[in-house]
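Have a look at these structures, which come just after this line.
In what comes next, chain A is part of two complexes: it sits with chain B in the first one and with chain C in the second one.
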Partner chain A sequence: MTTEEIYIAQSTDIACSTLGDDTIIMSTLDSTVFMLNAVGTAIWKAADGEIPLSRIVQEQVCSQFEVAEDLALADAKEFVGELAQHGILSITSTPHSPSEVL
Partner chain B sequence: MTLIEEMNQKATQLGVPLSAHLDITWRCNERCVHCYLDHDGKGEMTTAEIKSVIRQLSECGTFFLSISGGEPLLRRDCFEILEYARALRLNVKLKTNAVMIGPKESARIKQLGIEQVQISLYSHRAETHDAITKLPGSWRRTMDAIGRLKADGVKISLTNVLMTYNSGHAKAVKRLANDLGVGFVVDPTITPKLDGDWSITKLGISSKELEEIYHTEEFVGNVGEFCAPVSEVDEDVLDGYSCSAGHTLAYISPFAEVFPCVQFPMSCGSLREQSFREIWWHSKQLGELRSVHVRDLHTCSHCTHAGSCSRCPGLAYMEGDFRGPSSQDCEKSYVRTGIPSAAQTAAMSRVPAASSGLVQITQAAFNAPS
Partner chain C sequence: MPASYGKEDRNMIIEIGGLPIEVQTSDPGFARLLEARYGDFVSSRVESAFSLRVQLTPPKTSDPDADAEVWLEGSDWKMQRGDFRARWNSATHEGEVFQSANPYAIDSVLRIVHTLMLAPQGGFLLHASSAVRNGKAFLFSGVSEAGKTTMARLAPPDVALLTDEASYVRKLDGQYFAYGTPFAGELGHPGKNISAPVAALYLLKKATKNRIDPVDPAEAVRRLLRNILFFAHQPEMVRHVFASACAFVQAIPVYELSFFPDQRVWDLIG
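After this line comes the complex of A and B, so read on.
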């Protein structure tokens, strides 16, 4: 597993709402719908483009859900990668500039 | 279960208005022969009022928002409203006749990320479409707009409402939609006017034509499955609801009134007097509607079609009792399966035995009130 930091930011090309503990997200580009569970929602809410994913996992996932950090980070990378494929998130290796962030 | 079904189930459990239909005006530049609305614009919500309604919906958990009318683009603030809804990250569909969508409007719709534009197209023939809309040249203008939106990459769905005027045109409109690369929905329901006038329902297609539609794969998919004569009526069906109206769906009129659905004219409160949250959670009418499960329906609960019927409680309400059957849906179930509904069977048993032939009996017994 690489230790290189990644940064995630919510796209503007989405529709999104909360449903109980879950989050519904639809890409307006390809109409793909995702329903994120509580863990996914925690990552999604923290996707401001400025906090590295590893810190989001530490602070939003490992502190609230009983899961090993390296496992959680690997899962989180897979998860954000899938969302990025549908234009729901953007992933960069440096923090997003404010103009890039929703 | 699909993800959308899962979302709807969860929204029902939580009582979240996942979908909302907001008519921003009832004014229209067309005068469709089958339209159920009047076109009076007096007392319409202001821009600020509409934005407030959209914000309240978003805060209550609405995800799917249909902006409709009347013709929504007749309002000069239509794009301001769409932009506001998209800024709240709602999934927005725009229902329009599209005649006012020029290059600028089309580009703006794309830029705003409108999920879909739903356009009424009554025929592949200009003269038929224009005869229905009573707006000369409307077919040409609508078709031009469809081309523009398509070129801009906007998702489009054509709605083809079936009636006597365009009888037999559905297949050609479906082919046209395929050729254009856009979605297609066929709608065989003529909704009575919201003031209780049923006269326009006489424009509805014949049972024979409806039967043809229901037995054509390109309209219904798997015909055998769609027309399966009997569906299981188990505890899950009896514990369920007829539709999402008032459960996960709300309709808001241009005059700030809340209803369970656009086709269910039971006013539940005014947003000029109460918040949406107050109405959604505390309206006596919505409470009563939500208390009615399929098992509580006096006729439909013991109907063989209870598990598969498209029963519309709004149409039943307009017939006088939302716990009762909806004649149009009884007819659809009958045409689909060949088996009369419980309401139809009961009506037939009341027809004098001297009546000559089942067809005449069914015609007489199954018609909606006029």
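After this line comes the complex of A and C, so read on.
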């Protein structure tokens, strides 16, 4: 597993709402709908483009859900990669500047 | 009800969901066809803030099951399918339709125009049958073959059917109402032109036993979005539809209705 940090930011081309523990997201570009469970929602909410994914996993996932950190990080990378493929969020190797996030 | 005719045009107001649209045509035969098709939905109003002018053109292709394309061009919504092309201006509330003299084309244009008008107000058209019982409206939604028409056919005499195909939902003063529509499915006849507050949405699933289960809100939104009639995939419109679905689910109970197709299923409704 690579140790390089990655940063994730929510796309602006979406509509989303958290209902109960889950989050539902709709792409405004192709109307695709995604549903995130509680773990996905925790990662999604922290996706501000400035906090590295490893820290999000540590603070939002491992602290709330019983899961080993390396396993959680691997799963999180796969999860954010999938969302990025659909344009729901963006992944960069450096923090996003505030203007990029906006 | 009689249509209100002008001197040259055969104009009539078709009122669905409380939104009256004046349909203007100069062809008496087409006017008669509209009157026959929309029956109780032809309003006795003399004027309307919304109008559609229909120009009859020779048919090109006429596959009413083909998908309509809808896109925004300047301030006009443009829409087309093999058997029609049309434009609708949401600001001026008027539009034009070029179509052959078939009822399916104008039916589709009306559905699209209504979805465009409803979306910013939190309403929508839904692939669902709907009915009123004891003063309350119930929606039965699902994909093709899920049982929408079956629920309508099994309805007991005290139930008034709103539609077996496309349910009309409006949000008025924070409350959701379902309206009857002339948009018929396999049942082949229009719904009653009445409305009632929505009491529940049932997501249909054919089964061997009748059973009702609550659906989690996010899952309910996901399944509702799958069944909302949604033609204009333009970012602002997508946001409206998404917001409408979320707000609806937070206000109205959503259940999965597993049902065996006989009349006993209606014992659970109302």
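Please note the rule applied: the second predicted complex is superposed on the first by the 101 of 102 C-alpha atoms of A that agree within 3 Å, B and C clash if a C-alpha of one lies under 4 Å from a C-alpha of the other, contacts with A are read in each partner's own complex, and residues count from 1 in each chain.
Note that contacts are C-beta pairs under 8 Å (C-beta built on N, C-alpha and C of every residue); 3 or more make two chains touch, one makes a residue touch a chain.
Bear in mind that the values here come from a model prediction, so they are computed numbers and not experimental data.
A.B. asks: Once chain A of both complexes is superposed, is A:M35 in touch with chain B (first), chain C (second), both, or neither?
C.D. replies: A:M35 contacts both chain B and chain C.
A.B. asks: Could you tell me if A:A15 is touching chain B, chain C, both of them or neither one (first, second, both, neither)?
C.D. replies: Touch status of A:A15: both partners.
A.B. asks: Between chain B (first) and chain C (second), which, if any, makes contact with A:Q64: first, second, both or neither?
C.D. replies: A:Q64 sits against neither chain B nor chain C.
A.B. asks: First (chain B), second (chain C), both or neither: which does A:M26 touch?
C.D. replies: Both partners, chain B and chain C.
A.B. asks: Please work out whether A:Q85 is in contact with chain B alone, chain C alone, both, or neither, and reply first, second, both or neither.
C.D. replies: Neither chain B nor chain C is touched by A:Q85.
A.B. asks: Of all the chain A residues, which ones make contact with chain B and with chain C?
C.D. replies: Of chain A, residues 13, 15, 17-20, 22, 24, 26, 28, 31, 33, 35 contact chain B in one complex and chain C in the other.
A.B. asks: For chain A, which residues are in contact with chain B within the complex?
C.D. replies: Its residues touching chain B are 12-20, 22, 24, 26, 28, 31, 33-35.
A.B. asks: Where on chain C is chain A touching in the complex?
C.D. replies: 216-219, 221-222, 225-226, 230, 233, 235, 238-239, 242-243, 246, 249-250
A.B. asks: Using the touch rule from the top, collect the residues of chain A that touch chain C in their complex.
C.D. replies: 13, 15, 17-20, 22-24, 26-31, 33, 35
A.B. asks: Applying the document's contact rule, which stretches of chain B touch chain A when the two form their complex?
C.D. replies: Residues in contact with chain A: 3-4, 6-7, 10-11, 14, 16, 18, 58, 61-63, 89-92, 113-115, 155.
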